[in-house]
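What follows is a set of structures for review.
The two complexes that follow have chain A in common; it is paired with chain B in the first and with chain C in the second.
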Partner chain A sequence: MTTNKHLLTKIIGIVTIVFLVFPLILIVVTSFGTEPTISFPIKGFTFAWYANIFSQDSFTQGFITSVVIALLASLASALVGLPAAYALTRGETKFSHFLESVFLAPVMVPEVVLGFSLYSSLVIYARFPLFLSLLFGHFLICMPYTIRLLIGGLEQFDSSIEEASWVLGTSRLSGFFKMVLPNISTSIISGFLLSFINSFNNIPVSVFLSGANVNMLPTSILNYLQNNYDPTVSAISTCLMLLTLIFMLMAEKKLGLKSLIN
Partner chain B sequence: MARLDVKHLAVSYNGKNKILNDINLTIEDGELVSLLGPSGCGKTTTLRSIAGLIRSNQGQILVDGKDISRIPVYKRNFGMVFQSYALFPQLTVRENVAFGLKNQHIREPDLSSRVNEMLDIVGLLDYAARFPSQLSGGQQQRVSLARSLVTHPSLLLLDEPLSNLDAKLRVEMREMIREIQQRLKLTMLFVTHDQSECFAISDHVAVMNKGVIEQFDSSESIYHHPLTEFVAHFIGYENFFQVKKFLKNQKYLLDHNLEFTAADSSPNVISLTIRPEDIEIIEKETENSDNHNQLEGKILFSTYLGDSYRYQIDTPLGIVIAVSGTDKKYLSGQPIVLNFPSQKVLGLSK
Partner chain C sequence: MMVLPTFSSSEDSANSYFGFLSNQQNQLVILRTVSIALVSTFIIVLLGIPTSIWLSKLSGFKKTFLLTLVVFPILTNSVVRNYAWITILGNSGILNNLLKFLHIINSPLSFLYTDGSIIAGIVYLFLPIMIITLIGESEKLDPELDNAALMLGTRPAKIFWKVTIPQLTTGIITGVTLVFVGALTAYTTPQILGGNQRLVMSTLLYQQAMTLGNWQAASVIATIMIVIALFVTFLLRKFQKKVDKRKTL
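Our next item is the complex of A and B:
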């Protein structure tokens, strides 16, 4: 019985790895192919497609926009999320449960719907600048993750530590900076990283809120794919994978992957 | 250095069930009062209300006669040892102890000398550079104690500050607390559920049960004259005899038509009690004819306590616990007579 279970777990594991990793390996391999279209197996070896990434303005622009938006949105969600999560964990129970669901609500809304509603309200109706609308959309994407992680961190934090600092003559505000912040820094950093990755990878919201000069990297790639099917896309995907890997390794080294997932 | 008055304090966490109910307490300037009670009776809640960490529903807290409800926690100059220690994990032991002094704008070299002196007193000078996570539970507790004492607070609230120490260190630390308290004339409220600890260091003791203070009295009074069954039980009285009727002049009627004389005389008495060590065991042969305040019984078994034997004795009034010296040992099954000196038999009310 147990050996059967063992076998089943093994098979599921292998299948998962094959389905997850094989396409990724395929992408990496095809990015070095000499053929003008993505094909496998490759016939020759070249770095040309990597060079081609930088000749495309839409990619470099998209990358910069993506990084800037992801940074700003993660930062904003941390700045808004911190006092909100603090109030939620320290406040009256009934009301704070309600508020918590409000802050977590954006996860429930399909991102396409979120993107479209922001597009029609902010861009079409209120005539907001596209960049700000995009930023706001990504802020909404980041918010739930940030709040979740911060609430988790604050619930772990023994509030009597903070109280002890008050009794010893520290005001509430200064107690927050001296006691709360340093002790939930893991949650803050992991919330920031998760927000950043989510914002950077997002397509549904970005598609609706992009335009002539405002394009995120994923939407640029989509646009490019509509007219071309050459290994440049494989090359850029490989670069992104590498970046994400570095990112994750950094996070892992600093916090341990567990805290990032929980 | 202040006098504390707690008047009619009531607290409930969710507005429904009351955790504290009409708590009244006075600590004179420079006095140490212990709050004694079983787990969950509301000791921590009382301390937190006084510190201003939770809002009370009713009542007043006065320091030197002035209501402090509007003074924010950080301006009260209180000290507190938290039950969970609440050390600052990101600061070293030295920084933890120095934290309150820095808030009081104490500068070097005063700062270092006071911190070092305090660390020396609690025996942790060698651990000054460590972080709390690198200390044992007992060491953490001593850091917490040092951190609260070093600022010379006007009122010090201690929530079971010695609970995690071994027996020897416990006695050392409680004597240290008492010594500092008397030298600096600090006003202290000391929470414990260890009765010997509480009698050893306090001027007054408040015995608490289910959110009310059952008895607030000097240590001696509580020890020798507990007023209720709960208080008596909590401070080591083990024998309780139901009173059927108050006769007259300190005389009470018990089960089996036994008549006992007690030290108290009141119709409100519902049971009589006596400390195990106050009961006299007499051998059956030397029994005298006067069997007033006496019970016949049979030794069930004994345990050796080092300086005495502790017996369980089967009597008509149920199992009686008696403690007697080591000069004579009674054997299991031996019939004996128990004598209850009337001045040691106390009457308890509800």
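Our next item is the complex of A and C:
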């Protein structure tokens, strides 16, 4: 009967989920071992590797830089994206289609190529400061997420409420702030959260645009991995996973998890 | 649409393209990149489709919990996700320890820094994306169609191929586009799990640009990558439109 087929999908499904989750659990376990190399099973139990994270300047600096850049880039993309999305959903000209493609263009470009192009054009050719170029790169990364979610939210929003307020005498600007914004706040927040985490996690762009004083956390971990083979990376990975968990809980409390699944 | 990325300094002339492409090492890199992407995509399709079908049939807490487990890796840093494979495939990692424990080997085998380890990493990275892409369509699967086919005498296996899968083709093609292009252009995975011995296009690009300062070669690689990515996306989208036309009953 069909139970055979169902059984097969169930088996593959369970195996796949285990396959996805097991390696992450592995990392958490290896972060506590006393051996100076990454090994499993672990011998002994220690928090030493966690303490070691803080002794690494590149990690602490990198974390701060990553957070700052992610915040600024997400904020910038929200500030630019909001008016842009509003304009795009109101006007239906050929130009707005083109503009929409422009805003979503970074998705079409491989991130490595984006990183390289920005590096060679902004940093080398135009002599821009590294931090600004990095910020711009992350801004480009965040834009598509913000724009997509904002357009989605605006399209679901019933604009007749807004038009009603105009008829009743509210100016367009104040109508925007009082009517539109509160109703799409979910989209704004989820756009911001999604931008933040994708900027924080980004590697290909950051790896091209890092340098002497500008250090992102994922890049620092990468560099550390090249020369060291100890469980400190497990420890900081576990910390990052904890951050992801907190992030997901925040998103769940405010918006429900479905908002993250496009 | 390509307004922003045409910042890439095009110091390259037609000559440098010929020079680059006729180099055997470079051809090898391109070949490796494409084959890794193909194999990874194939595995992901094999594992992803049944999983999303199974998940779509669940309900309630179980479903939400499992879906959360699938989404969690997507939001986790890719350094972490690739590093996990170092703990598995490394010299004192779990795989080697298991083989030693079973007395199959005496000294550790090097699983890392091979094409296989890159494939493992890429599958691990993009599988959740495939599942999430498919889950929406899987939920729309009509069990009545399955029952109808069953009553008409079709064997279950054939039902899967002729009834279930065709309903999912749009989602499958979307997923394949995302995964294949992602696998083609991924950087972190081949860097961590392939190292400098096994270069793919993205790591070659990095090496040429940052380690060797060879801007021309880097620009060439970058342009080739964009072209391939766009071309594949375009092809798959056309294929999707054709399939969609056939689907409208």
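What we mean here is this: the second predicted complex is superposed on the first by the 259 of 262 C-alpha atoms of A that agree within 3 Å, B and C clash if a C-alpha of one lies under 4 Å from a C-alpha of the other, contacts with A are read in each partner's own complex, and residues count from 1 in each chain.
The definition used in the following text is that a residue touches a chain if its C-beta (ideal position, glycine included) is under 8 Å from a C-beta of that chain, and two chains touch if they have at least 3 such contacts.
Remember, predicted model here, so these are calculated numbers, not experimental data.
Asks: Quick one: chain B and chain C on chain A, clash or fit?
Replies: Result for chain B and chain C: fit.
Asks: Please indicate which partner A:169 is in contact with in the superposed arrangement: first for chain B, second for chain C, both, or neither.
Replies: Only chain B; A:169 stays clear of chain C.
Asks: Please indicate which partner A:182 is in contact with in the superposed arrangement: first for chain B, second for chain C, both, or neither.
Replies: Once the two structures are laid over each other on A, A:182 reaches chain B alone.
Asks: So, does A:222 touch the first partner chain B, the second partner chain C, both, or neither?
Replies: A:222: touches chain C, not chain B.
Asks: Could you tell me if A:158 is touching chain B, chain C, both of them or neither one (first, second, both, neither)?
Replies: first
Asks: Taking the C-alpha centre of chain A as the vertex, compute the angle to the C-alpha centres of chain B and chain C, in steps of 10 degrees.
Replies: Computed from the C-alpha centres, it is 100 degrees.
Asks: Once the shared chain is lined up, is A:86 touching chain B (first), chain C (second), both, or neither of them?
Replies: So A:86 meets neither chain B nor chain C here.
Asks: Name the chain, either chain B or chain C, that contacts more residues of chain A.
Replies: C
Asks: I want to verify one number: the closest Cα approach of chain B to chain C after the superposition, in Å.
Replies: 25
Asks: Overlap the chain B and chain C contact sets on chain A and report the shared residues.
Replies: No residue sits in both footprints.
Asks: Hey, which residues of chain B end up touching chain A in the complex?
Replies: Listed in rising order, the residues of chain B that touch chain A are 14, 51, 53, 72-80, 82, 84, 86-90, 99-100, 103-104, 147, 151.
Asks: Give every residue of chain C touching chain A within the complex, in rising order.
Replies: So the residues of chain C in touch with chain A come to 1-5, 7-9, 47-48, 50-51, 53-55, 57, 64, 66-73, 75-81, 83-88, 90, 92-94, 97, 124, 127-128, 131-132, 135, 146, 150, 156-157, 159-160, 181, 184-185, 187-188, 191-192, 202, 205-206, 209-210, 215, 218-219, 222, 225-226, 229-230, 233.
Asks: Using the touch definition up top, name the residues of chain A that touch chain B in the complex.
Replies: Against chain B, chain A makes touches at 93, 158, 160-161, 163-172, 175, 179, 182-183.
Asks: Per the contact definition, I'd like the list of chain A residues that touch chain C in the complex.
Replies: Within the complex, chain A touches chain C at residues 1-2, 4-6, 8-10, 12-13, 15-17, 19-21, 23-24, 26-27, 30, 35, 37-41, 98, 101-102, 105-106, 108-114, 116-122, 124-125, 140, 197, 200-201, 203-204, 207-208, 218, 221-222, 225, 229, 233-234, 237, 240-241, 244-245, 247-248, 257, 260-261.
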